[in-house]
Amino acid sequence: MLCMTALVVVYVRHLFSVVMLFGIYSLLSALIFVVLDAADVAFTEAAVGAGVSTVFMLATLVSTGRQEKAPAHSPLLPLAVVTVTGAALIWGTLDMPHFGDPGNPVHVHVADRYIQESPDEIGIPNMVTSVLASYRGYDTMGEVIVIFTALVGVLSLLGVRERRENPVHRTGERHSRPYPVLQVMALLLIPFILVFALYVQFHGDFGPGGGFQAGVIFAAAIILYTLTFGLDDATALLPVKLICMLAAAGVLLYGGTGVVSMLLGGNYLDYDVLAHDPVHGQHYGILVIELGVGITVSTVMIAIFLALVSRAERPR
Amino acid sequence: MIVDIISTALFMIGCLLGLTGAWGLLSFPDFYTRVHAASITDTLCAACFVSGLMLQTGWSLVTVKLLMVLLLLWLTSPASSHALVRAAHHAGLRAMTWSFLGDRS
Amino acid sequence: MGFSLFNYWVVILLMMAGFYTVIASGNLVKKIVGLNIFQTSVFIMYISIGKVFGGSVPILAANTDLYSNPLPHVLILTAIVVGVATTSLALSLAIRIREAYGTVEENDILEISRREDDEE
Amino acid sequence: MTIGHLPALQVVIPLLAAPVCFLLGRWPRLAWLLASAVAWTTLVIAIGLWLQVREGGTISYAFGGWAPPWGIEYAVDRLNVLVLLIVSGIAAVIFSGSWESVRQEIPESRQALLFTNLLLCLAGLLGITITGDAFNLFVLLEISSLSTYALISLGRDRRALTASFQYLIMGTIGATFILIGVGILYMLTGTLNMADLAHRLGGLQGSRAMHTAYGFLVIGIGLKLAMFPLHLWLPNAYAYAPSVVSAFIAATATKVAVYVMVRYLYTVFGPEFAFSAMYVQWLFIPVGIIAVLFTSIVALFQHDIKRMLAYSSVAQIGYMLVGIGLVNVTGLTGALLHVFNHALMKGALFLALAAICFRIGNPRIENIRGIARQMPWTMAAFVGGGLSLIGVPLTAGFISKWYLILAAVERGWWPVVAVVVIASLIAVIYVWRVVEAAYLHPRPEDAETVAEAPPALLAVTWALVLANVWFGVNPGLVTSLASGAAEALFGGYLP
Amino acid sequence: MVLAITIGALLAIMLLALARALAGPKVYDRILAMNMFGTKTVLLIAVYGIFTDSPSLVDLSIFYALINFIGVIAVLKFIERVEEYDEVVER
Amino acid sequence: MTTEALLVTALLLPLAGGLCIILTGRQPNLREACTLVTSGLLCLAVITMLFRVLDGARPEYILVEMLPGLAIHFEVEPLGMLFATIAAVLWPINSVYSIGYMRGNKEKNQTRFYFFFAVAIFGAMGVAFAGNLVTLFLCYEVLTLSTFPLVAHKGNDAARDGGRVYLGILLATSIGLLLPAIVWTWNVAGTVTFTAGGILADRLAGPALTVLALMYLLGIGKAAVMPVHRWLPAAMVAPTPVSALLHAVAVVKAGVFSVVKVTVYILGIDHVAGAPGIHWLLWLAGFTVIVASLVALRQDNLKKRLAYSTVSQLSYVVLGTMLLAPISIVGAALHILAHAFGKITLFFAAGSIYTSSKKTEVSQLDGIARRMPWTMTAFAIGALSMIGVPPAAGFVSKWYLLTGAIEAEQLVAVGVIVVSTLLNAAYFVPIIYVAFFRRESSESMLTYGEAPWPVVAAVCATAAITVSLFLFPGLALELVHRIPT
């Protein structure tokens, strides 16, 4: 099914369909992640692939047009490149460790420790969160920075239009038809979504979820609001400047935790020193940085969405 | 035991409804009929599945979550169907009518 | 042996479909979609690495002590985020290109650039 | 206390300064001051690390207090301290001189964003260099790449956008290839720490999967460092980026990629695997040679000076590849020295070009006719950088070429010597075209009179030119570092 | 057994939906199929989660339901906007 | 002043002079005073050093050591002293001449001219005193680059084209052949320091040595051995004082000097004599001598004829070197000296003719000696020196060369010298003849006399030195006999 989708994506030229198929593809791969025991990843992939990315792409299509032209040059060269690459990979797989074998080096070396010790060392049941936030906490900080970089990049490319100076020019609004049913529905759903986001944020220690997923869900609520009520109302609710400040604040919260642990005598991002008991320290640390991740991710997603949409709404 | 039987029955009904809906989606001649097939069966199908699952799990936090799934589906599914039809209608997509079939002569 | 590697082969097929879309497609947005498919399949490869038969989701539970490997999950969480960051940047570039050139077709853009170069 | 944390601070300071800089959006001048101060701080930290490495050997820093194979490690040794020094040094110099040029080329609302991006890029590059973890490298690579894409797209010409997009696509493919390679390595060993990887890969010499991983890594990194047939993104990217950005990324980005290549070849895979099992030299030498010759010749026919220098950069990367492919200590020393020296000379040249752009706008050869009379200091700096690019004695460029030629002679590979020599000659010609236009042609009648570039820009340009001379006259410091690193990397392996 | 049948049926439904999504012919058909695909995914995950005794997956299904809804709304909104532009262009 | 200090002074003086020239660029009189004072001081310093060197002093000075064994290193030895003396003595004379010429022809950009002239002299001093190959190479390139603006002084398209050929050939040969040769030498010998008797003995032999020698010979493009001689005629676009600089004071002399120096101090004449096929280099030089003379014969443009004459004369020096006999090396060194003074006289004379009459072709020179007796007398002396007829310096050096050729039993070389002497006579004697004995064509309306006095004074001075070198060759001979062959 996955393959079918992927291959069709190659052929279909109506870009809206391509993007929607991509959403389906993402959902499917998220399903596969579920089957492969990666609940957190499935969560994220669904949020990002099927959710945010797709919405972003759709928003882009509004400004860029929806039909792809037939390719002008022959597909032989790319085909050859792809074939060679694929062949190299398949050749390489021939003596790879077999799929799913518990004796693989992957499972016996580093990961072993995470599984055996992390509940004691970190004190939370979700090992993915422990590894994410503590053992490889620095990677996660990098991830937050990457997101932040994307925000900086998008802003420097597009900028977010604040409210229109002159309400007379709200031509976009006049054309678009209001959906009263949807607006009511959105108003019903949004509080629920926000609560759910908070739940995912703070439940991340025990089940799948955490700052990143929560951030995306939070952003999803705002995106829904923007979609049903329009850009101007959304920016009135959440001024762009505030969003940007929060994004930076989230990064600083994360980085600041590291600095604090450094000041308290540990290494950077060593949460052991945050409290008298190392396990408590880990707990506090993870809580704070997940919060930082959540804030940054949600605000960045919102900001990027607003930026893309504000271009789409601009009358040509 | 009896719970198991009921839930199995619910699953089966759900499957049946779902398949019907999907079949309708695939084989009905035009967009509006497809919407009809899909959305009607979808709602009930989801209800069957989720209630079956709720019976399986017994009473716990998970049940509440499942209930939320159901509520969510019930809220969003009709809403999106509505929005979809509305959009299609506004975009000028015409429903197939009998006159479409008969007026040719 | 056959089945144990089958999983990887499917993933490779997906990867190549995405890769092909990236390099062969002339439309910038479709290139981005291809890039995403390419990356997503790499993610599936990573997650496959972490799977243990009979293992469960790596969240501490009372009834099992065989878990799948959490490390690839962490890596892929990060990689997904990186992916969306790249995508959003690429999309905003595409928008700007459309505004500047009036098209997002690679060939048209090349044509315009070439003309511009000639004029200089 | 601080001393022990230097490896972390090296990257964390610019990383955390970036959001602060972002918040200064309303006051671009403050953002610039902050960026420059941070860049100088990183330079000081790099010097501190260098002193430490010189005394105590490799430094390891465990993030989160988790010991290396489990946590993320920063490892500083002679090899990357050299790259740290050059990256932070170039950043310090370029950032502090960038204000006037940025203010002129970038709309005010985007200036602070530009500095934020620069800081992120700097942090990413430093992080790539310093990290000892294969996956962390990928993350930091993406930080630097994303910020670079954004930086390039800030160029005034609309072709900057397409250049940036092209780079984005190729760079992301490269990064994904690296991801695949790292994934396979992880699959084979179960670890991501480079030292641990190297240790564990030792037992897997014949594995086909390892060969595949190797291939993907080389191609992925090759895309990033603009290895010859994969260099197509580079000329456009350098040509259309804002001048200061061109100077910064030309002087640092590809150098860091070369470092990553060396790191993977020598530390992770080990020279034994790379050169006896994979025969890398038969890949690198021809690719390097073709790169050097072909792109040098292409550079000859460019009218845009930025493009010309960009092609020359690809050629210079070819030198580095040749140095790596020569598989002896002298060759590797030469390559590392060239990493260092090329950063100096390209930095100087692009800064001089930034000064020219500042006054003239479009740096085409026709436009700079007779400019030397009006901007004598700028053009003199360009000539200085050009001499170093050619490899004239008493400039830094000579030292590295000397080592490269020596290494080739040591191996008895005369064609390589011939190539280095011929390419130097071609470099003479393309540098000469600029010099001739600037000095020997009269200024066109209708051209407006221009003044000398602003003093700050001029000062940093000259700082780099003088550094070229200083390291050409007195290269002992760098050569000992480079040759020490090269010897350590070979670790007794001889082809 | 029940699990196998249920999952099989759900997969079959999804396949049918996918077929409609691929076949089109109008964008709206695709959206409809996508919506159905999404709801069935939600159910699939819930079923799978309960039967493999990992209730945490139910969170996931809630989330999927949300995403699905937002996705459909987004597609609709943006398509509408594009149609508007096209109208403007046609005039 | 210690001899070391003198050495540093000799190197720094031209640079300091250049700086003064730039600073005083606004006031031409002051600027020219700077040039004159600096050149005079340099001349003084070098001559003082000359006597010290004759007394056995061998000062050296290491500026920086870039890599172990690779330094910017200056050391004085007799051969270099000879070259330095030529350059230092000719600079003031040339300066006087330049002042007359540049003002007389109202050239533009005179400050640039004098500045780069000073830098070129610095390069020449550096080449002369270089203690190792790298220093030599560096100063050689300084010389090349600093003379370029002089060659292309006029700034028109012809000048730029000529300049491009000039720079192209010189840089291409030096970077393409000389530098690899240096690296090769370094690789083989582990050092590039000039050492009496050479540094390659026991380290490199057989055909490789011949190849290396060939790389040096052709790599030093300034020696203008065919086929890398094209730059010399191309550089004829330059103003005459520059031609004088190129042909006599610095550039080509630096070339042949380097050839001699490398042969003596790097290859080692005894060692290289054993290399197979080394006589091919000799024949190459001989070929250049003959062919360049033949070409010169066919040139009507006076300066072109002189240029090809230079190509031919330079190859005498190479020929003498490649004979690899001690006596012929002495001859070669002497010929550097003799040719320097002879050729500068000829060029000065040509420039003087151009300045006062704007005549450039040989066929226009009928009876010119009536109007410009001093100039043409000097020209005759220079020509005699070129041909090798007493009482001019050329005779002495040719004598040594011939002796060396006979001693080395290289009959080809003997033949070459004899034939080329006849050819020299064939292209110089007609000029003298028409200038002195043919009547000026009557329709000439021009009225002109001698050139400005600084020009004439310079011409006479060099002619006088040419003669005196024949009459009193003692000092020069003493110096060249100290070259450790």
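Here are some notes:
Per-chain numbering from 1; labels A, B, C, D, E and F assigned in written order.
Just so we're on the same page, a contact is a pair of C-beta atoms (placed from the backbone, for glycine too) under 8 Å apart; a residue touches a chain by one contact, two chains touch by 3 or more.
Please read these numbers as outputs of a predicted model, since none were measured by experiment.
Distance between Cα centroids is largest for the pairing of chain E with F. No other two chains have as many C-beta pairs in contact as A-C. In this assembly, the chain whose C-alpha centre lies farthest from chain A is F.
Chain-level centrality, scored on Cα centres against the all-protein Cα centre, points to D. Work out the mean CA point of chain E and of chain F, and you get 88 Å between them. Our note on geometry: chain C versus chain D, Cα centroid distance of 27 Å, whole angstroms.
We define each chain's centre as the mean of its Cα atoms; on that basis chain C and chain F are separated by 69 Å. Work out the mean CA point of chain D and of chain F, and you get 45 Å between them.
The set of chain C residues touching two or more other chains comprises 15, 19, 23, 28, 49, 56-57, 59, 61, 71-72, 75, 78, 82, 85-86, 89, 93-94, 96.
Of all residues in chain B, those that touch two or more other chains are 72, 76, 79, 83, 90.
Residues of chain A found to touch two or more other chains are 39, 59, 61, 89, 93-94, 96, 104, 106-107, 110-111, 114, 136, 139, 142-143, 146, 149-150, 153, 157, 177, 182, 189, 207-208. Every pair of chains in contact is given here: A-B, A-C, A-D, A-E, B-E, C-D, C-E, D-F.
Contact residues on chain C toward chain D in their complex (touch as defined above): 15, 19, 22-23, 28, 31, 35, 38-39, 42, 45-46, 49, 71-72, 75, 78-79, 82, 85-86, 89-90, 93-94, 96-97, 100-101, 109, 113, 116, 120. Listing the residues of chain D that touch chain C in their complex gives 135, 138-139, 142, 146, 149-150, 153, 158-159, 161-162, 164-165, 168-169, 172-173, 176, 179-180, 183, 186-187, 192, 303, 364.
Within the complex formed with chain C, the residues of chain A that make contact are 2-3, 6-7, 9-10, 15, 18-19, 22, 25-26, 29, 32-33, 36-41, 44-45, 48-49, 52-53, 56-57, 59-61, 63-65, 68-69, 71-73, 75, 78-79, 81-83, 85-86, 89-90, 93-94, 96, 98-102, 104, 106-107, 110-111, 114-115, 119, 125-128, 130-132, 136, 139-140, 142-143, 146-147, 149-150, 153-154, 157-158, 206-208, 212, 297, 304, 307-308, 311.
Residues 8, 11-12, 14-15, 18-19, 21-23, 25-26, 31, 34-35, 38, 42, 45-46, 49-50, 53, 56-57, 60-62, 65-66, 68-69, 72-73, 76-77, 79-81, 83-84, 87-88, 90-91, 93 of chain B are the ones touching chain E in the complex. Interface residues of chain C facing chain E in the complex, by the touch rule stated above, are 56-57, 59, 61, 63.
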